[in-house]
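Each in structure tokens, the structures are laid out below.
There are two complexes below, and they share chain A, which is joined by chain B in the first and by chain C in the second.
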Partner chain A sequence: MKNNVQRELPEDLMKQYNYQPYESTEIGEPVYQKVAPKVKVSTGDDKYSESLAEIVKKTVKDGMTISFHHHFRNGDYVVNKVMRLIIDNGIKDLTIAPSSLTGAMNDILIEAIQKGTVTNITSSGMRGSLGEFVSHGGMENPVIFRSHGGRARAIEEGSIKIDVAFLGVPNADKLGNANGMYGKAVFGSLGYALMDAQYAQQVVLLTDNVVPYPNTPASIKQTQVDYVVKVDAVGDPDKIGSGATRFTKDPKELKIAQSVNEVIVNSPYFKDGFSFQTGSGGAALAVTRYLRQAMLDNQIKASFALGGITKPTTDLLEEGLVGRVMDVQDFDKGAAESMHSNQMHQEIDASWYADPYNKGAMVDQLDVAILSALEIDTHFNVNVMSGSDGVIRGAIGGHQDAANAKLTIISSPLTRGRLATVVPEVTTVVTPGDSIDVLVTEYGIAINPARKDLQEAFKDLPGLPIYTIEELQKKAEKIVGTPAPIEYNDRTVALIEYRDGTIIDSIKEVK
Partner chain B sequence: MKNNVQRELPEDLMKQYNYQPYESTEIGEPVYQKVAPKVKVSTGDDKYSESLAEIVKKTVKDGMTISFHHHFRNGDYVVNKVMRLIIDNGIKDLTIAPSSLTGAMNDILIEAIQKGTVTNITSSGMRGSLGEFVSHGGMENPVIFRSHGGRARAIEEGSIKIDVAFLGVPNADKLGNANGMYGKAVFGSLGYALMDAQYAQQVVLLTDNVVPYPNTPASIKQTQVDYVVKVDAVGDPDKIGSGATRFTKDPKELKIAQSVNEVIVNSPYFKDGFSFQTGSGGAALAVTRYLRQAMLDNQIKASFALGGITKPTTDLLEEGLVGRVMDVQDFDKGAAESMHSNQMHQEIDASWYADPYNKGAMVDQLDVAILSALEIDTHFNVNVMSGSDGVIRGAIGGHQDAANAKLTIISSPLTRGRLATVVPEVTTVVTPGDSIDVLVTEYGIAINPARKDLQEAFKDLPGLPIYTIEELQKKAEKIVGTPAPIEYNDRTVALIEYRDGTIIDSIKEVK
Partner chain C sequence: MEIKNTAIAGTLESSDIQIMLSQGNNGIEIELESEVKAKFGAQINAVITETLKQYEIENAKVKAVDKGALDCVIKARTITVAQRALGIADQPAWEVF
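For the complex of A and B:
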């Protein structure tokens, strides 16, 4: 069985999990029944506990699906605390459905899998030892990878049915009103966790900062919360900010950022009221800097900036160059602080951000998205999930979702070390080439042949040489050579959903 | 069939509508499945229209349930605009399920009933010509009256299933992000309408103020909205503020307000961190004024003020005497303005405010509630729905819900004109006496005999004479005499739900 990006899919699993192969980036206008949780009615007076052990024992049973959010990133303490108790309680056969996984939780999850506590995982991504473990066949059942918008969809239409959500927050009152903006372990937007709070059957908040009732602003509301548990610490403030939030000084990255900016500024979308998502990482921050100057020079203001937010973006808001910041997660403390001080900085949940199955997501209104790639192939298909050794070491994040923008730019060096980024065929297709418009490398750009308008717009720009993507691929090959093919076993260790819930690719066990 | 407040209920209708008789103010901890709407997936690009006629035609079909909110109160233009089109389209057999009804829409609704367009109504209340019309048998099916919390419950558990919600807003972008705070026809909190926005199958926003995308803060979100319709005007700003928002100068009302304040201040609940709901009306505003002075004198601060909010309450917030204002609706422009300027002023939906079927409503945490009464009887049962002539001329509002407070005070003159307020038996039981603690009149107070602690707390207070409620009733009777009994026909014209969905009383057709 091959799908529309020519990927061979494992028929047995497709059948077993009732999956359809990926067909198109078009979502259409299906009608479907949203789900809702069962509610245990309460006045709220008995929610508060200082014993996480007691609440875990009360809520988690064999075979359940439990969830976490990843807003604490590498500073997360919550998954470790909760999973330690669950493993020690001898619980079996859990599905974990976090918004994503970070290195902070790899050891405990490997232990949980080895002991049979966790038998299924769905996540946006995984990295490090857990990625290695899964890629080498450590789990019996395939991991299901979903984009942030895809997870929101799966929760809203019932494919992910969360029995218990364990949500860490830097503040909460004893009834469960909470936000991500105040306290020690602040992270700003609770965007991903808002899905869990709304849809999980039982919601357990963990906090190290119990505040007087009623706590406002309440991103998570008491009407959604079953238990509030006081713990010593929910996260390490120093590790919450993502590492890659400083301006790059790498001349190659600066060159790429400059070219990305050229592409944006010379596109038909660069006009008053345009919108953009730049993401995080040193190169993205450099793009934001160039874009700021271009906006000043051309007297152009953006209507909104979207996505994972960084301080350089909220600075644009303060400066009046951006009308609104629509924020599903923050990558640094500066961004988190902006959310409570600037009314134009709006917290949005993952559904509003990117769920393709609602009445209109922010990504549907996006003009320009700048995205990264581990690999991109001559069909413009992008891989952000597996290394060129076949091992899982990435995350879909909002990649498939934001690629829905009118102008989707992949910003990537042609090669990284001894590895080509532009390849004949990506190891894993995560985002289909149909949704990618321009590739920007340090050597020049390639434009998706489907975008004749952009071919026209960018021709004859000084300093922005245009190649075909095949030419860029050959150039990369010439630099680093042709790698030996990866050797796989037959077993499938992961399925990659497209944002609409079809399967765009699978990942095999690495030999 | 008699319920627990000794009301004879119409057995045929109880069966037909599958109702249980009222038993108790205790809600318990039932587990139930929440409902969710069907969603027609969209990118949001085709939501905007300038033809209300077209959208009404597209959405409203025979037999549907449609809804409105009443935040525009007597300044509402939305119901008239929408119902005019629906009637003219020849639509039949609609159920209308507004959060409440005001005089602004009486004529068109009577016409809609007479023409068979509307055959069922559920509302918080009705007044004037529509109340007369229904009370005199103008509708075949009984009206179902629900409290604000009861409506939220009915929507969340599926008893009210809204096919199309027509929601007027003072601002919206073309995808449906909207709030009640900016524009011409501002009313502040969208509290009641947020239920419709979340649960209706189709949501149509009407606005006279289309703003650039994306509009924030978004109380209603684009993910919830199917259509945005531009109209010339959604409401009359001058009639949105409720009439009774000025301080009373009536010495009787001032005397009552002073006594209410005495009751609060001498109760065990008047301490730092207490909470209260005062409501609107001249007497309520006077209570707020006295309470302010008592808080200053005793150096006591409240944790939150709840409910329908007025400027005197937001003034307390500004002054630091109240920690938070939790706002489901605003009664004047001052309160509406506070919501966007003060972060401690939190908009809450009707579920968070008062739904007894969730994980904890604000009313469950309320210390002191001051409520009004058309009548109160010697069992402390309260009527806020029908006049002593039996005609419908009131609304439950949050009465049953806020009566859940630890100290529920009914503030009411002993008599009004030639009519007694304290009576042997109320015309209609809306709020059961079990949830009422103290009656305050201009002559003195009566304490529910179940509250021995309050009997003790209030004894020997100068200027606060205590009577039994029977004594107050006799006193009232002595002043105005015994009215002739109301003559009813057999037919039931309305059923009154208690907040948990049981039936607490019914209203018969007046002869």
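For the complex of A and C:
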């Protein structure tokens, strides 16, 4: 069975999980019934506990689906605390459905899989030893990878049915009103966790900072919360964000950033009221700086900036160059602080941000998206999930979702060390080439042939050489040489959903 | 030619390769450590072997720690380590270049 990006899919698993192959980036106008959680009625007086062990024992049973958010990123203590208790309780056959996984919980999850505590995982991504473990066949059932918008869709339509959500917060009152803005382990927007708070059957908040009732602003509300548990610490503040954002001095990154800026400024979308999303990498931050200057020079203001937010973006808000910041996740402390000091900085949940199955997600209003790539192939398909050795070491994040912008730019060096970024076939297709418009490398740009309008707009720009993507691929291969193909076993270790829930690719066990 | 002493060339910086060359008696034995071994391991070994052959080195133990070096870098580091191991670092073998 092949899908529309020419990927062979495992027929048995497609049938077993009732999946359809990926067809198109068009979502259409399906009508469906959203799910709603069961509610155990309470006045709220008995929610508070100082014993996580007691609450875990009371809530988690064999075969359940439990979830976590990843807003603490590498500073997360919650998954470790909760999983330790669950493993020690001898619980079996859990599905874990976190919004994503960082390296902070790899050891305990590997232990949980080996002991049969966890038998299924769905996530945006995984890295390090857990990615290696899964890629080498450590799990019996395939991991399901979903984008942030795809996860929101799967929760709303009931494909992910969360029995217990364990959500860490830097503050909460004893009834469960909480936000991500104050306290020790602050991370700003609770965007991904808001889905779990709204749809999980039982919601357990963990906090190291119990504040007087009622706590405002309440991103998570007492009406959604079953238990509030006091713990010693929910996260390591030093590992949550990247600290002060450092401006790159790498000439290659600066060259790419400058070219990305040229592409934006010379596109038909660069006009008053435009909108954009950038990432958090070195080049993306540099783009924000060049874009600022271009906006000042041309007296153009943006209506909104979307997605994962960094301080350079909130600086634009302070300067009045951006009208609103629509924030699903913060990458540094500066951005997190901006959310409670500036009313124009709005917290949004993952559904509002990127869910294809609602009454309008913000990504569909987006003009310009700047995204990264581990690999991009000559069909413009992008891989952000597996390394060139075939091992899982990435995350979809909002990649598939934001790629629906009117102008989607992939900014990436032509080669990294001895690995080509522009390749004949990506290792894993995550985002389909149909949603990618321009590739920017340090050598020049390539425009998706489907975008004749952009071919026209960018011709004759000084300092912005245009190649076909095949030419860039050959250039890369000339530098690094021709790699030997990766060897896989037949077994499928992961399935990659497109944002609409069809399957865009699978990942095989590496030899 | 005969390897006189164990020599080392190159660094562990990214895009470099560090090669240690010492006496051997079982052909050219290469112990390669590389993040791109699956994709370029055979190619890296071929460049090292080829370059050593130009020095008429038939037996040697090679320990290479690769950090994503391109072929030109691998060749340059192999030349350097061979010159050092052969004790001819002050007499470059121009024909190999």
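Definition applied: the second predicted complex is superposed on the first by the 507 of 511 C-alpha atoms of A that agree within 3 Å, B and C clash if a C-alpha of one lies under 4 Å from a C-alpha of the other, contacts with A are read in each partner's own complex, and residues count from 1 in each chain.
Please note the rule applied: contacts are C-beta pairs under 8 Å (C-beta built on N, C-alpha and C of every residue); 3 or more make two chains touch, one makes a residue touch a chain.
Bear in mind that the values here come from a model prediction, so they are computed numbers and not experimental data.
A.B. asks: If you stack the two complexes on chain A, which partner ends up touching A:K47: first (chain B), second (chain C), both, or neither?
C.D. replies: After superposing on A, A:K47 lies in contact with chain B but is clear of chain C.
A.B. asks: Return the chain, chain B or chain C, that is in touch with more residues of chain A.
C.D. replies: B
A.B. asks: Between chain B (first) and chain C (second), which does A:N18 come into contact with in this model arrangement: first, second, both, or neither?
C.D. replies: neither
A.B. asks: Is A:G417 touching anything from chain B or chain C once the two structures are fitted on A? First, second, both or neither.
C.D. replies: So A:G417 only meets chain C here.
A.B. asks: Going by the contact rule set out at the top, does A:Q299 touch chain B (first), chain C (second), both, or neither?
C.D. replies: It touches nothing on chain B or chain C.
A.B. asks: Counting only touches as set out at the top, which of chain B and chain C does A:I486 meet: first, second, both, neither?
C.D. replies: second
A.B. asks: Applying the document's contact rule, which stretches of chain B touch chain A when the two form their complex?
C.D. replies: 27-45, 47, 156, 175-176, 212-214, 216-218, 221-226, 273, 303-304, 323-324, 326, 340, 343-344, 346, 351-352, 355-362, 364-365
A.B. asks: Quick one: which bits of chain A touch chain C in the complex? Just the residue numbers, please.
C.D. replies: 388-390, 416-419, 479-481, 483-484, 486-487
A.B. asks: So in the complex, which bits of chain C are touching chain A?
C.D. replies: Checking each residue of chain C against chain A gives 14-15, 35-36, 38-43, 67-71.
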